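The same chain A turns up in both complexes below, where it pairs with chain B and then with chain C.
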Partner chain A sequence: MAHVHGQELPASTAENMEAFFNGLWNQNPVFVQVLGMCPTLAVTNSVRNALAMGLATTFVLVCSNTLISMVRKLVPKQVRIATYILIIATFVTIVDYLIKAISIPVYKALGAFIALIVVNCIILGRAEAYASKNPVGKSMLDGLGMGLGFAFALTCLGGVREILGAGSFLGIHLFGANFQPWVLFLLPPGGFLTLAAWLLIFSSWKARPRKKAEALEEIAA
Partner chain B sequence: MNVPAPTPEIQLRTSPHFHTSRSVSMIMRNVVYALLPICAFSVWLFGISALASLAAGAASCVLTEYVACRMAGRPASVGDFSAVITGLLLALTLPPGFPLWMTAVGGVIAVGLGKMLFGGLGFNVFNPALVGRAFLQAAFPIAITTYTPAMAVNRFVEFIPATLTLPFTRPPELAEWIQRVRVDAFSSATPLMMQKFDHVTTEVLPLFLGKVAGSAGETSAGLILLCGAYLIVRKFMDWRIPAAMLSSAFLVGAAFHLAAPAQYPNPLFVLFSGGLMLGAMFMATDMVASPVTPLGVWIYGALMGLITVVIRFLGGLPEGVMYAILLGNAVSPMIDNLTQPRIYGARKKEKAKA
Partner chain C sequence: MNQASLSSIFLDSLLINNFVLSVFLGICPFIGVSGKFATAWRMGVSVIFVITVSSVLAYASNLLLVFLHAEYLRIIMFIVIIASTVQLLEMFIKKTSPVLFRALGIYLPLITTNCAVLGVALFQTAREYSFAQSVVFAVGASAGFALALVIMSVIRERLELSDVPGVARGTALVLMLAGILSMAFMGFAGMGGGA
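Here is the complex of A and B:
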């Protein structure tokens, strides 16, 4: 963040890119921060539900981050959380009606979890940790990155669970009629197992360059 | 200053000074010996399908352990026979015609998820074989409740059709095949299913001898008792666990039977049917996942017997041994904590300070 006597300079492209990719990959809300577990486990039994939840959250996150960043200097510190919640709830209501208008089956599948986006800790977390301290442009990009990172993670989970649990991807059957579905993956334990497997893969991937560096250091020493 | 200390003439050590010659691999090898008659009997009863299932279970477990050790950069612990036991126990608790690819999945889950992820032998919270079976039960609920009759004709030359199902495909319908190979008086329903759904109680003698339908290794209560007795006599297993679990199941079963004789079977049926005997002898006694205090072991066994009967009589499933033992495993650290014995010399009410 660049400040000159309290006046902000426009953020550089590199900074903007960092704000965006931070959420998508380095600080992925699910795979790295392990936040928002409730929707992550509950609505990822198919790719369609996962995508819908991911995009709904992205919408709320982008809008709330932008608005909160705009009003950040007007809101007294003591009532900031209440203000954030109010702003977030407004956008969640919009999303709620939008999904109802677009697709009733998706609306029914997501159920209470749409309303529960209000209390998704990723959104309040970004509001408090980022949007309340950063200029509008960067806050929007942060919201977009975090939201798409969340949607990406949910789709990863939903993909595995739908392929193994129903033999299909986005409702398209991938294998013949003889495919044996693994019922477990549509049930809650399947959500936990899939999440654990993805976390394992993701963290071992992230640990790789570090391990390499350690090995090189050992050789040097 | 890397001068090695001179070896002293008199070696000073703290106790214990005497060690038995018992190693992990020796105990495990003896458990395998005790399981072999049960395996042989299941092959005689259900034919080459049971043999293939046992081989698939053992092979997948051993292979998973080997690969997991390699990935963790640890010396391979395959030689201690524990993976073989897990594989055999898993296969023994599955229906004889269970598709081999599913058995292999169960083996991978049992050793990979139930044991190696916790840190290998000695660190597993749950009995690995039952972790694998619980996964299979949740993933493939239909295949795991499809039983075939014992003593089918051609069982030594012909696989049960479901056994050779291609990976990731559904096992075929067995009704026609069962009609063709079934010998009179041998049903494909297990005694527990008959009891639960048709209210037909099987006599105790056939249950004891084991020529009934069921999971591959659970049918003969008598043979399992005998094999378990071998381990108890050689002191490779704590006799209190099966004693507590079986007597608790018997007493709870008797209470139900006395309250409503028409609805609930007699307690001897409870004792000798299903997987209770195999579970009490070979799975509840898992040395790692069971409590260690003398009183705790009784509580642990009694709890598992109670849960088994409650699931059988009041739950939707015909059998509850697997969940009973997994629940028992889950609470065994707590049981250990609650039943710490008095420290020698400490006064009775005084609590030992940690």
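Here is the complex of A and C:
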């Protein structure tokens, strides 16, 4: 956080917004922190799967961040990681049954990766780095921001892979009958290459102001 | 009960459906500790260790859960088993072989959050493997993880001194290499026709 207070003040709106947008953009879990790679690569062969995974992870993040923040003063330091994992695993079990009840095709497409949300390092990371130190409201917003940032990144990947690999977006065909799908993008190598391309775009975009400053210095010199 | 033969399960989990390059499990350690060959093979060996032991324990505990009709506790049970396996293994290695313990160092505790470990436990349950099939699957999958890790570490050591553009250094480069490796591993699909 940018501001450090001597005592615990009620969180202002600006601080709450900061906690929320931090995860969505500045500290995006996938593009900036490069966390949670396994689901990012595994379930993004279509926009529908990517969105479902993003929302499921958001649900677990918000719930676990809230509960962990509530009990943060009750849990002894030595057993905190084990407690966090048990809390997270409980919410993942809930999500597992929830998705099974809502949509069987999505449940089958995501497969074991729903259960694997437990070991998604974003969730344990936020529990340890944020929820265990901050009040309930801010922790909830942090979870929501991080979760939506994760869902946004997954949709970016899923969009590229579905458009190139199947010529459709959310199952709607975009091109005519003559479209030759680039099937490689639906297969595992496509996941690695698409994510590499997004990371390149992000890092060159972030390096831009620095380059401009360097170029100006060169002209001045 | 699954009818697949032991040798086909082993080949399938080692090469055809390699855990890192085509199922996307254990990507974080794959990116994180593939910088040097010396650390990569040590990580590989400890993962083979942990996955094999936790697979056996997960098989036993799943029998218990099915007997008690408490399958909804599966995820929680498996994660507890993995965390305690890693902890026990750490204590065991420290007692019996301090040399190996020093060599593995911080990599042992990190394995708890390696999703390949939980992945093996979940897959062997979902595919209803028998005990022997589970063990072969665990050894094959973890050896596949170690293989991918070692290949990547050797490539990265080679690229250490080459001229890579600034923006591509780090994770993006590793992902591009992984994409090419994954394409190469797709060639194995002809060996058994996928799972």
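Structural remarks
By our rule, the second predicted complex is superposed on the first by the 205 of 221 C-alpha atoms of A that agree within 3 Å, B and C clash if a C-alpha of one lies under 4 Å from a C-alpha of the other, contacts with A are read in each partner's own complex, and residues count from 1 in each chain.
Note that contacts are C-beta pairs under 8 Å (C-beta built on N, C-alpha and C of every residue); 3 or more make two chains touch, one makes a residue touch a chain.
The structure presented is a predicted model; accordingly, all values stated were derived computationally and were not measured.
Look at A:Asn16: by the touch rule set out above, it reaches neither chain B nor chain C. By the touch criterion stated above, A:Pro189 is placed in contact with chain B and with chain C alike. By the document's definition of touching, neither partner reaches A:Gln27: not chain B, not chain C. By the touch criterion defined above, A:Val92 lies against chain C but remains apart from chain B after alignment on the C-alpha atoms of chain A. Judged by the touch definition given at the top, the superposed model places A:Val118 against chain C, while chain B stays out of reach. Once the two complexes are overlaid on the shared chain, A:Asn178 sits against chain B while remaining clear of chain C. Of the two partner chains placed around the shared chain by superposition, chain C is the only one that A:Leu41 touches, whereas chain B remains out of contact. Annotation for chain A, partner touching more residues between chain B and chain C: C. On chain A, the surface touched by chain B in one complex and the surface touched by chain C in the other have residues 184, 187, 189, 193 in common. For chain C in complex with chain A, the touching residues are 21-28, 31, 72-76, 79-80, 83, 113-115, 118-119, 122-123, 126, 166-168, 171-173, 175-176, 178-180, 182-183, 186. On the chain B side of its complex with chain A, the touching residues are 102, 113, 135, 138-141, 143, 165-166, 168-171. Partner chain C is touched in their complex by these residues of chain A: 34-35, 37-39, 41-42, 82, 85-86, 89-90, 92-93, 96-97, 111-112, 115-116, 118-121, 124, 184, 187-193, 195-196, 199-200, 203-204, 207.
Note for the complex: chain A touches chain B at residues 175-176, 178-180, 182-185, 187, 189, 193.
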